[in-house]
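Dropping the structures in below, format is structure tokens.
Here subunit A shows up in two complexes: once beside subunit B, once beside subunit C.
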Partner chain A sequence: MSRRGPLGFALYSLFAWSIVALVAFPLLWMVVTSLKPQNELFRRPPTILPQIVTFEHYVKLILETPFPIYFRNSVILAIGTSFAVIVVATLGAHSLARFAYPGRRFLAQLVLFTYLLPSVVLIIPLYMLMVWLGIANTLFSLMLAYTSFALPFALWLLRSFMASIPDDLEHAALVDGASRMEAFFDVILPQALPGIISTSLFTFILAWNEYLYALVLLNRDAWRPLTTGVINMLTSAFNIEWSLLMAASVMMSVPLIVVFAFLQKHLTQGFGAGGVKG
Partner chain B sequence: MTSPLDRRNHLLGAMLIAPTILIFCAVIVYPLVSALYLSLFRIATPTLTGAWVGFSNYTELLGSGIFWRGLRANLVWTAGTLVLQIVFGVLAALMLHQNMLFRSLARALILFPYFISTVVAVLVWRWLFNDLYGILNHLLLLAGLIDMPVDWLGSMPNAMISLVLVGAWKYFPFVVIAVLARLQTIPETLYEAASIDGAGPLARFWDVTLPQLRSVLVIVILLRAIWDFKEFDLIFLLTGGGPIDSTQTLPLLVYQEAFSMQDMGRASAVAVLMMAVMLVFMTAYFRSYGRQEES
Partner chain C sequence: MSHVVFDGVRKVFTGGAVAVEGLDLQIRDQEFISLLGPSGCGKTTTLRMLAGLEQPSSGRIRVGGRDITDLPPAKRNVAMVFQSYALYPHMSVEGNIEYPLRKRGVPKAERGALIARTLELLDLTALKERKPRQLSGGQQQRVALGRAIVRDPEIFLLDEPLSNLDAKLRAHMRAELIELQRRLGRTMIYVTHDQLEAMTMSHRIAIMNKGVLQQLDTPDAIYRRPANLFVAGFVGAPAMNLLHGEIASVDSGAGFVTRDLAIPLPPGHAALAALPVTGTRVRAGIRPEDVRCVPGEPNARVTIIEPTGHESIVFFRWGETALVARVDGETRLTAGEKVRLEIRAQNLHLFAEDEAGRRIGS
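On to the complex of A and B.
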């Protein structure tokens, strides 16, 4: 837009960055708190930067709390869910994007509808179903429940990735004598791979952050994922150790930061799913 | 759109979508229908046994204050947090659209609250809100804005205001993403033409930017309204519906009826009523989305 001189640029950057700092402050404060010794938290006035930097809370978290177990459960849950969902959704999205059959349009709308559906409506029948099947309180039941939101999301995202692959590529393969399935594996799949990878990462995030299903469907401590596990550490504690909880918060955000770095390019499509035309 | 080739192979297409349909039926369609059916029973949560009561769950709920108080809290929360999300989201998107130092890093940092788990967001904010050692009270006291530490979560209307603020902080990045993506597609020539006509920065915003953002804003507002309305995690973890039941929105009421009051039938009835309210937003969303797809 309007051209600015170097001074204008510097002043504007300063202004914009102070807003960014304000938004990022709570997360910055989380990291700072996790590095302070417990007694420094109660200092008046509070120290902005830790006077003594300590990693004792991280050590304690790993050695003396069930945090590593929760972490392992979350990893199994998030990877299991994304893997299962991606396989099913890739086939489904291919079908929605490149085949014609009665009810296809209706199906696409159904996907969008379920993407908006509140979990609390599904959770009671799902809970009763899991109890009836005898699989309540297992990670498997949670994975199954997670597909109720992860599958519509993945389908919706993958459909837009798949639809952007030009028809000509598949046609050329078919003219060369490949069957539809051969064309899918040799032509479509390699083309869609970046989309498939980023969709699976987004699904991973959804599963990693989920709370409500885990709260209702799992009440054995040994199988809790991080979300309900860490909250359990908060509510069952005799006196709340904030620096320990902040350390736990940092640790459970680390995998997300790694994923975030990989996703930079597709952030708009994934996060804006439903709001931005993919 | 579809080539003759596509039509010939519709059987394969159906086979590829079959696993999806199967899972959809098991984890979405069945529970949805089941919720409608269960709402006509009284079901004890511990034993999962119950008796047919017809529509009495509905008549009881609609006749008692608890449902209407929940709906009211739900609408206050949704409207409050939605307005802040949209206003801050659009402003932040405009800000990040301009040239600045380390712009991509700034964009990444702004997106972060949306990215992290609600559990983490709530833990961090509960620590910020802490009445004795929280930094928020300390800074406000220091600035002379308050003379006594504020009880952010334990009294009304503070609890609702805190919720609305944290909700806005957590979810405004969604608006930023959508608006930023749209801003990048507005042709520069429109601004140049407006400048030649003598339009200042404000006039350019009203006459060029805002009309261009209209379609994406409609979709984003509806989508966020739906998602905010059904929000459970943030409210449950931050206030738990309290103090008493003043922030107990409908999703929390469902949980409360099912697992504290131990009646899955009544909980299902609340869920169904909640869906009925949401259908208004959903229909509007479908209409707008369909229109966008066509254009």
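On to the complex of A and C.
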């Protein structure tokens, strides 16, 4: 930084801040809109900050709409998917990274291959499968679908993590008297924790934000997650309830922001550690 | 009793690489034995098979008469110190040392005293709260040892435990390990590629090459009576001079002859009893300390001098033959100088000129 001089530093800051502004403005606009009374929304010229701050949209959303149900569904969906993905992916990644068995490489590549398929391609087959299994139109079917497409990425991310944990650690635990499972839980899992956290965060966000599958696989209102529920509730061909939509958007963002705030440290640590050999 | 027996043990890895071939090895109770050899000679695989981390492809391993070949590591009463130390990064020093006790079901009440004693023994008490990454290499090494010692196993397995330490600390830890083994009175199996470690610490050394045990003997015997060409060339620094030549008659007795040298075998030489017929091609081995500069008519020329202080390693050319000698540091030589060399024929080693390169005579 010192080599660049004061002018360089100023330009650099200007550039950085303009990008931040570009990204942050829509978010700011979302918050501001959600706090404006209805009659201020379309005023010309528009007011940047609300002249009257009101929480009426939030109250209406919570008390008079099915928003809380959608919210509950999304929470169940995101937590359930993350949990399922983590359980399967940690064990699977450990197996792919550690055990020697025929077809291991092929299996790993196959996993990557499924990740390369556009998710649109899989919707119809998945829906047919759900119908065949008799679980179509349930939250569980959506959880299963999310797990199926979050899993390949999670496996690959965690596999590189597991591979970077020295074999000797596990062997030392075995010689010290641990069983394979004990060695996994006592020694491998704590080492892979940053990876597990970033993987669960990735899965949580994916399940929280997903729209397309939720739209196609679920059409019973009581099971809709936030993404499709809110759109379905607040937009129609003739009208969009902007202030309610913005209030819903703010409330939808809150859980992600909270989760991020708590786990951010692990996340950066995790993405860094994955590439470095111990 | 922890008498270890490898009985015809063979290890082939998936892909067909043979790591250990037909290993028959008996290790006595309370013995300090080193497995010595170049990288990839099968010494670590041997150790890992004893620990239960690798399964032999065939053959049996017994400890104290009990067949342990199919037991998982946890069921064998062995402790291992890894080259990388393999300390659990998320546990404190104390936690690391406690772990084997915990996993082997030692009651919590007894653990405290055992841990305290181990920490004391290795001078780690002040560091017990620290995490491994907050320790120096030498301290980490001691924690790794502590984790092995604390549960008082029958057998200690050490896989190049000193190779990550600097030279000074290594010399210190060598002495500590010898002392520790005497004090604990346990069998120790020590894998190393450093012959100095093997020579100074072991009761006996097993030398391995390409998965095959070459010689099992005391350090002294291995140095003085190498069983074959590989051992002769591997043990000793600088390495033994190995010359191509044949058996011929020299000064009306049997001797070894090359284009440039003729060395008579003195009466009583170990090879005489089993000497092949005159004209047989053989290899002769001469230790650098058995090549001496003497006064007299020059027969060789100095090419390179490597002074190390108390002695110098000097390379000579005797006709077409290159020889290396260990010369007293006081002897002043310059490159290109002509000198007279003499070879201590009593210590000449003779080996068959074939693939096995077996020693001729006892």
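In the analysis below, the second predicted complex is superposed on the first by the 244 of 278 C-alpha atoms of A that agree within 3 Å, B and C clash if a C-alpha of one lies under 4 Å from a C-alpha of the other, contacts with A are read in each partner's own complex, and residues count from 1 in each chain.
Just so we're on the same page, a contact is a pair of C-beta atoms (placed from the backbone, for glycine too) under 8 Å apart; a residue touches a chain by one contact, two chains touch by 3 or more.
Model, not experiment: these values are computed from the prediction.
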Contacts of A:148 with subunit B and subunit C, given as first, second, both or neither: first
Touching partner for A:166 - first (subunit B), second (subunit C), both, neither: second
First (subunit B), second (subunit C), both or neither touched by A:190: second
Which superposed partner A:128 touches (first subunit B, second subunit C, both, neither): first
Touched partner set for A:18, first subunit B, second subunit C, both or neither: neither
Touched partner set for A:100, first subunit B, second subunit C, both or neither: both
Contacts of A:33 with subunit B and subunit C, given as first, second, both or neither: first
Partner chain in contact with A:177 - subunit B first, subunit C second, else both or neither: second
Overlapping contact positions on subunit A, where the subunit C interface meets the subunit B interface: 100, 171, 174
List of subunit A residues in touch with subunit B within their complex: 1-2, 4, 9-10, 12-13, 16-17, 19-20, 23-24, 26-27, 29-30, 33, 41-42, 45-46, 88-89, 91-92, 94-96, 98-101, 104, 107, 109-110, 112-114, 116-126, 128-129, 131, 144-145, 147-148, 151-152, 155, 167, 171, 174, 180-181, 205, 208-209, 211-212, 216, 226-227, 230-231, 234, 242, 245-246, 248-249, 252-253, 256, 260, 264, 267-268, 271-272, 274-277
Residue numbers on subunit B that touch subunit A, as the complex places them: 2-3, 5-7, 9-10, 12-14, 16-17, 19-21, 23-24, 26-28, 30-32, 34-35, 38, 48, 92, 95-96, 98-102, 104, 106, 108-121, 123-125, 127-128, 130, 133, 135, 138, 142, 169, 173-174, 177-178, 180-182, 191, 195, 201, 204, 216, 219-220, 223, 226-227, 229-230, 232-233, 236-237, 251, 254-255, 258-259, 264, 267-268, 271-272, 274-275, 278, 282, 285-286, 289, 292-293
Contact footprint of subunit C on subunit A as seen in their complex: 100, 166, 168-169, 171-179, 182, 186-187, 190-191
Subunit C - residues contacting subunit A, complex: 14, 48, 51-53, 72-74, 78-80, 82-84, 86-90, 99-100, 103-104, 147, 151
